[in-house]
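Multiple structures follow.
First subunit A sits with subunit B, and in the next complex the same chain sits with subunit C.
Now for the complex of A and B:
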């Protein structure tokens, strides 16, 4: 578990690291009243981008990640259109490296928007409970879902 | 040899879905047909720049002027067109040129902070949840002018830390002190400090052109020094010479290129973004809120939406009333009925299908309503409304039914009386008056109908029973099938149901200027295709709205109901109807005389 205070303290540094990620086209740290949110847009394929959000799960007291896929196309009038893409588990695994992580679709209780949520039940088992550099350990593991070579950036 | 100053793209836009949601809400509820520009604000994250260019993020809070105080905020505006045609036909070259000119004038008047701004043009297709948009940040310089770099040098960390914490992205240095980059200080300052939007080595963001154009028009000097501050180790100061005419015609650019590097708008299709149930909710609201744009701006939709409707009788009238309420956006509908769906029902009663035959009607109607609109709060109660003049046969059950009915009426705002038998309406009429609820009554004949709202303590209007001089009694026993069933032209129920709901909606409005005045009674005659509006006063001896009757029910509850069920005459006694009847008898007797031939004549 990671306290909210520690999470908020460590996130700005993580934002800086993520902004060095060559796949990231936008990194924005949003300082909400209670917890901070890190918004990252990343290029995945030519016509596919991933919007991901790192936020704090107050129930499990661990960082949490949710994402959605955007498909882009150009219409007859050169308008660049974006549309959400919902894929089956098999199709999803061909785009991102889920490995042993499990992902499920659920809607945000406030906005009712649908997101893919990465299951965070085993977070402590996966990254340990030591608060120091917790988020660094966490992103080095969980962001590999989107980029298996991510660890190189973190060295 | 001197080098021309190069510039990096000014920004890269990221419009979050929350921005589109807020734009939709504002468009529907606030802007309506107003297509004037609206202020926007974007919090720039200059510490996490990717792809060498600042991200211009737009979110739901971008409409809020009190955006995050700690962030560097850039002002902008959105021009949301009413039609896709006007969005497409907007002259983008002219638009950005005019904006560039405005920014130059603002900069000359108020300083460098005011010469940078972003603009969004958009069209929101609220039916399809598709948004077309294009973002620009005008950058300008005088035609014929150019910028040469005289020298550059890197900046030590100590200098930039002093001002990095400040909210403003632009300032100037006057005699060693950091000041706002206002016209007054720009005349005398030694250098301008800009928290750069670019991270390309030695190449500042394109808005630098705006600063140089404004600054050179405010203060003529040989060189201009700008410090480009960055959060990494690439901060630098450049000494720049402005050559050529700096007051000529403006060259303006700044429309954002799309993903394929083309100058064209973007679109976001959010139709699959949300839970379909939520989309349904918003779509229903959309159709209703459009009324407020032009046709009925003062209509109180929230009141209609929030009202809790109790429908007594889940037959043809009940089904159509529920559907009409749903169409008006009402979210809370409760059904009551004592019978089950019969094989003759589905063709006339639109909430039932063949598969429902045999199911309790109230429950089936409620389930059907939820299938049509999952967000509706609906329940069905199978109970028998105790009927005046029908003696008690199973007291424990009938008492329980009475208590449930009383509780349902107490907890709802409007009661629709849509049952078959006249005597079924008596108890809910009394309870509705007792709990001070809106009571809407609809009754059908073969080719006629009555729709009315019961009077209340303020308007002195009558209820369904106010024209009667006898209390209702058992009208079902010893009747043939055609006398017991509702035998009516099928269209009559639709007419009556829709009039009942429209009467309620009109009545709920804050003034008669919104949807007109709500009549007391509407009587329709299909044989002549005629509708008549009537108004009848409350009758002091009415068996349902008489004060003694209401007080007795309030005080004695079930015991009084039981008495009324066993003998309807007790209600006539209580209300004074018996006395009226006696007086009428006497009057008739007095007015009847017999002539010599013992023939009856009435004067």
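Now for the complex of A and C:
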């Protein structure tokens, strides 16, 4: 587990690191009153953008990832449009490297937006419980879902 | 106690499912676009979709891949999420509840009137059923992992369930076999060592709250829990659990023990 205080303290450093990520087209650290949120947009393929957010899971007391897929299209008059894409587990695994991670769709109780959530019940088992550099260990593992070569950036 | 648990397990709702005007074949007679079923309060609406689509699916103008994908329900124009137990949704959206004395407010047959909708653009808050029954099962599993973590401080108990035990747990919901359900559920709880109570509250202004309620050795009442969330229970602001108006001096651990839902959470609806 990582305390909310430690999470908020470590997140700005992670934001700096993620801003060096060549796949990230936008990185924004939002400082909410309680927990901070890191917003990252990444172009996965020509017609696909992944909008991902790192936030704090108050139940499991660990960092958490949620993401949405935006499919872009050009109409006959060259107007670009985007729509949310909801894929089955098999289809999703053909786009991102979920490997042993599991994700599920859930809706934000406040905004009613639907996001894929990477499940958090075994986060501590995956990254260890030592608070120091917890978030660095965590992103080096969990962001590989979106970029298996990410570790090179973190060296 | 056991009798009450059994009544909660078998609690049911009368539901009228009507095809949405936007998808029904014009001039379909009422009997062909409407279906009356009894759903269990402690079940998920999504589990009824195959039977409903089988019954009404011949009278829609849309083509559909399967009985889950791109289908959803609406009540009074409001989309109805499938991921919460039916009874909780009913209590929140349209309940005229019974009091704890059992006296009914209204003697008429209570009917939950839902519209069956279909489309590739889901309304806000509706989880697309992209993986059918498997997705319902996965969602339920993750709710239990969360509940288990809240109860015990870790999800180890559910993570270490054997595959046959876990399958028996899920199948007990499908086959409605309460003894099997209780047998596995008991493995997830540690009486007298509970750390927190998994509780979810739907307030009168439609806020959805999941407070952290420690299970102290001191008695904590429903009143204490509501007060900790700045919710005042009064005549026009009642706490409803499993369709019953609950007295605010009831012990929250007892309420959890008796009325917790099939996903491991105790749901309280304030209205």
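By definition in this document, the second predicted complex is superposed on the first by the 155 of 155 C-alpha atoms of A that agree within 3 Å, B and C clash if a C-alpha of one lies under 4 Å from a C-alpha of the other, contacts with A are read in each partner's own complex, and residues count from 1 in each chain.
The rule is short, and it goes like this: a residue touches a chain if its C-beta (ideal position, glycine included) is under 8 Å from a C-beta of that chain, and two chains touch if they have at least 3 such contacts.
Everything numeric in this text was worked out from a predicted model, so none of it was measured.
After superposition on subunit A, the partners subunit B and subunit C collide with one another. After superposition on the shared chain, subunit A has more residues touched by B, the comparison being subunit B against subunit C. Touch criterion met: A:79 reaches subunit B, while subunit C stays clear of it. Using the contact criterion defined above for the overlaid structures, shared-chain residue A:31 touches subunit B, although it does not reach subunit C. When the shared chain is aligned, subunit B and subunit C each come close enough to touch A:107. Overlap of the subunit B and subunit C interfaces on subunit A comprises residues 86, 107, 112-114. By the touch rule above, subunit B contacts subunit A in their complex via residues 12, 14, 16-18, 21, 45, 47-51, 55, 57, 59, 68, 70, 88, 132, 258-260, 262, 264-270, 272-275, 277-278.
On the subunit A side of its complex with subunit B, the touching residues are 12, 15-16, 18-19, 21, 24-31, 39, 41, 72, 74-75, 77-84, 86, 107, 111-114. Looking at the complex, you find that subunit C touches subunit A at residues 81, 83, 122, 124-128, 130-131, 134-135, 138-139, 142, 145-146, 149-150, 155, 159, 207-208, 210, 212.
Against subunit C, in their complex, subunit A makes its touches with residues 58-60, 86-89, 91, 102, 104-107, 109, 112-114, 119, 121-122.
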